[in-house]
Amino acid sequence: MSGPVQADAEVVAVRRAGAYHRLVLLAPAIAGSVRPGHFVALAVGGPASSMLLRRAFSVHRAEERGRSGGTVEVVLAVHGPGTAWLAERRPGDRVDVIGPLGKPFALPREPVACVLVGGGYGAAPLASLAEGLRARGCAVHTVLGAATADRLFGVLEAKRISDSLEVTTDDGSAGRNGIVSDVLPDLLTRTRSEVVYACGPMGMLAEVARIAAAHGAHSQCAVEETMACGIGVCMTCVLPVVGTDGVTRMVRACVDGPVFRGDAVRWADVGTVPTDALGAPAEPLAPMTGGLR
Amino acid sequence: MSGPVQADAEVVAVRRAGAYHRLVLLAPAIAGSVRPGHFVALAVGGPASSMLLRRAFSVHRAEERGRSGGTVEVVLAVHGPGTAWLAERRPGDRVDVIGPLGKPFALPREPVACVLVGGGYGAAPLASLAEGLRARGCAVHTVLGAATADRLFGVLEAKRISDSLEVTTDDGSAGRNGIVSDVLPDLLTRTRSEVVYACGPMGMLAEVARIAAAHGAHSQCAVEETMACGIGVCMTCVLPVVGTDGVTRMVRACVDGPVFRGDAVRWADVGTVPTDALGAPAEPLAPMTGGLR
Amino acid sequence: MTAARTATPAGLVPADVDLTTTLAGVGLVSPILTASGCAAAGREIDQFVDVRTLGAVVTKSIMLEPRSGRATPRMAETPSGMLNSIGLQGPGIEHFLKHDVSWLRRRGARVVVSIAGGSVEEYARLAQRLRGAEGIAAIEVNISCPNVEDRGQVFACNRSAAAAVVHAVRRATAPGIPVLAKLSPDVTDLVDIADGCVGAGADGLAMINTLLGMVIDTERMRPVLAGITGGLSGPAIRPVAVRCIWQVHRAMPEVPILGMGGVRTGADVLEMVLAGASAVSIGTVLFNDPSAPTRIAAELRTALAARGVARLADLVGYAHRDPDDRAVVVEEDPT
Amino acid sequence: MTAARTATPAGLVPADVDLTTTLAGVGLVSPILTASGCAAAGREIDQFVDVRTLGAVVTKSIMLEPRSGRATPRMAETPSGMLNSIGLQGPGIEHFLKHDVSWLRRRGARVVVSIAGGSVEEYARLAQRLRGAEGIAAIEVNISCPNVEDRGQVFACNRSAAAAVVHAVRRATAPGIPVLAKLSPDVTDLVDIADGCVGAGADGLAMINTLLGMVIDTERMRPVLAGITGGLSGPAIRPVAVRCIWQVHRAMPEVPILGMGGVRTGADVLEMVLAGASAVSIGTVLFNDPSAPTRIAAELRTALAARGVARLADLVGYAHRDPDDRAVVVEEDPT
């Protein structure tokens, strides 16, 4: 797999999609090597921006060829000034983009049944993942959840690609009133799925991983950790992950993830350094010493 | 005269004009009170800009009424990131503007002959000044100079409004090969002008003031000093000016100017604090003490 | 993915939020002041924001005699900030009291007078002169000045020099008038300096003054500022300011703090209050947005209403409290 | 109104400009290095910029043992900067030498190893361990670490503690390998600390490390960083960095300086060189633009060619020279 590329991409389109914006960038040098689960990092605010850090987004679709050459599409929720700036772009504007980044979803070698779970814009990478799975002969069952109907993403596309689709919203404004983990156990049993793919908020991923394990299914979870560099050099994006040797390490979500085996992540300890992690201090590091940074 | 107003102005138009850009802003609350020589201060870079300070521009035209309500037009040379950002604005964008700022040109009570001297974009405020003078029955003779032909501004307009027009360029690419002060003495003598109005680089203003004085003419010079606030609160924009009491003070270009009597400014001492200025230290302040700021 | 919000008590609207605060015993109608040197003596800024709605106008540091300041250029823009090297240009205390303080009084604004000197003696004389003056809410002592009697060492960078100035000013000032020592962040141990000032009688601390910085013009290959170095201010330094407020409030939670350094929005004011400031001054951002205090007050009201906080004063130092120990902040008396 | 330019000697094109420099006796093909902690051990950044074209890769500060670092969140964006609180996560010196330094050597990059410890003894042991290692161009000593033997006081904030570390490292290091002490700007008297380090044997100084800062999340009303405070970096701090370089170069012009702090463009490199730096590290800006070193080198060449300067090395400290005294810089040997 070729490494990430930095490209000055032209904005092809910005379209509203419910509570989200779909941003299509012309980036042929990147589009060709994107696999489902990869993300891209976009610079925001222009040359005199006060915002130095890139913003990370899962790739929704990467079109290697097509009308306009080689495009990468992301789905963004306006959250703060960086995403607000991106949502205001117009066709012809330019955005500096780096990608593909991270490790994509691992696909099963056998044509097994799979469940895809997306929370909010976490559904973004699932459509192309579903296509990849279907191409390998896998059955694809999708569950999409969100707080409200307008925060669901990709329902129509999922309906088209999946063998089955369930939708939940916290307020019942679309689909079933509830959260994705309400429907997951039953679905796993019913479909005898062997792999669960999930992308969404950390709490959801933890639940999905737990349920998958309880059903003897393998899970692949795409996490979202605050990232300063996105390329593996800064060590800001770490979480505790158990290696094949049984040792817990603080690993980088940007290069060792964002997709992890659900049973390898120590979900309850995310945000902490477990005392049994490799190199953990005897006592937790005191804050306020200031210097050790 | 009403004070300055801060307004969120809509961009009506951005047009190239030689080496410059003409930027027209819809700012009815400001347009009505602008007099020739006033300037406006524009915020640059948008809400997440790293550029905190406003950029100052002489008002070229302020239309109280008209098609689009009440517009203010400035002429800008792209110099650094702030002016580059302004030049990239498109109709419908918004720019935060404060104006009118500063003291405008003082107009003669009698219908005397006047010479208007503009260097580069310093010609911007002269067209409306010329109209004001003509309305009072003054004869208007204009001299426009610039480094090159594309850096001349407002030649056609000046031709229309003025009783006479002379043009100089440093490289001879338009008009006479030379600088404005080459033609000024002769023009003053010929036209028996009693007032000289000037706007342009400091070196030009100093020369104009000197020549005017030598010819017994009054001069009004609009200076350009680096300004942090533009509204009189920061004290960054000072220059040594002799008061009617004969005392030199470090006065603010933004509120006490930008238009000054040419014979009041101590041109040779601009950039210094003359030792005879009010409150000047016995010895010049040593740099590097660091604290006194 | 938005962070959790404190529950909103039913019906708390921005207009109900109580922004009044107390700074070193002085009640203020608003927690938002203008920073010394960034709003002159209030007259120009009054064109953009009614100065009576401010907590106070903190005036440009005044010295005994008229002062012409430094040569120009006196400023340089920097990423999210600026450098200044004004050299305390000003008209001297007599003119200031006669023309500036009296205007502010007539206008109905509260006045915090900032004073600056080159020796302990000068500070003391300034404070004596202010003793007679009416309509002064507090004195802010700008100790980021070189001590002419000690090789130009900046008072604020030395515990005993800072304390000596504060002590002299406190002694010369009427008992009812609080004295705030304005600290420089350019020190190894800010808490030590703060402690020295409080020990010498400071009723509160103002922080932070600018950081020492410099810009070189790469065209002329010379320093941009005529004064070579200058003071760095603006949002660029806000994380340093918040850290300073946090450290000092943690070490001496009973000492009132007037926070400042890069405040641009209502959220920034809230940040400094949570760190331990009782009130906050707006400086450089006034150059970007001279009507900022009005906008910021509105943003602050909205932010507090959204968090169900009826009184800003309840949040002073709140970020220090153990999350488990925190009394739930609810509206009690939304008048 | 553009500032005056130095006359351009006929025919000087960017490709002719000589960017090579010497830092504490080590010749470097480029004055542009990557800053410690901002390019890991070079492997990832090599995807964006050929690490062989860098002056050197300065590796993330390494400690004796593997270290897991601090809890997350470890970073917060700030205006034109960021805070970080990584807690020196790393694999420990053995793994580092075996996997990281050897990769860099094989790749053909020059390596400056940054070391960090909690006691003088730890620094000394690290230096001893490096003595055997091959392919190390210099050692950068990160003294912005708390001294576990002195109530966590940061070495860099105390002249004698800083000097003790430098002395121990210098003694344990092979004579041919320069030792650079990396200074913190969070001190009252930087020149004093610098002097202490040079007196203790530092062959050069790296400056500046981050400023101590803090951000509070106004939604959760708690500090953003798990470590509460963090290090402020990025263009926001550049004026402080330039001032530090200027002050130290002025006081000790013969001491080589590796400058850093917010460098984003070729002009920023030039600014630090004019202030006194012999080479410059790029840190936080790599997160914005991982290919920045290539862009910056090109910008620097163009800037020098436009000013008629054939050799960057001729400009080290140039802004200090009296304008009247300045030898005209012209191309002499544009090879």
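Going in written order, the chains are labelled A, B, C and D, and every chain counts its residues from 1.
One rule holds in what follows: contacts are C-beta pairs under 8 Å (C-beta built on N, C-alpha and C of every residue); 3 or more make two chains touch, one makes a residue touch a chain.
Keep in mind the model is a prediction, meaning the values are calculated, not measured.
Please identify the chain with the largest separation between its CA centroid and the CA centroid of chain B.
The most remote chain is A.
Of the chain pairs B-C and A-C, which one is connected by the greater count of C-beta contacts?
B-C
Can you work out the whole-Å distance between the CA centroids of chain A and chain B?
That gives a centre separation of 55 Å.
With chain centres taken as the means of their Cα atoms, state the distance from chain A to chain D in Å.
So the centroids are 35 Å from each other.
Roughly how far is chain A from chain C, going centre to centre by Cα mean, in whole Å?
44
Using the touch rule from the top of the page, what residues of chain D touch 2 or more other chains?
2, 79-81, 157, 212, 223, 228-229, 234-235
Residues of chain A touching 2+ other chains?
Those would be 50-51, 288.
How are the chains arranged in terms of who touches whom: line, ring, star, complete or other?
Per interface graph, the chains form a complete graph.
So in the complex, which bits of chain A are touching chain C?
So the residues of chain A touching chain C come out as 50, 77, 79, 120, 201, 224, 288.
Would you mind writing out the residues of chain B in touch with chain C in their complex?
Going by the criterion above, the answer is residues 3-4, 6, 43, 50-54, 96, 98, 225-226, 228-239, 249-250, 255, 270-273, 277-281, 284-293.
How about chain D: which of its residues touch chain B in the complex?
Interface residues on chain D, with respect to chain B: 1-2, 79-80, 235, 250.
Using the touch definition from the top, list the residues of chain B that touch chain A in their complex.
44-51, 81-82, 85
Inside the complex, what are the residues of chain C that reach chain B?
Touching chain B from chain C are residues 37-40, 44-45, 47-48, 60, 65-75, 77, 79-82, 84-92, 144-146, 152, 154-157, 184, 210, 212, 223, 225-231, 234-235, 284-291.
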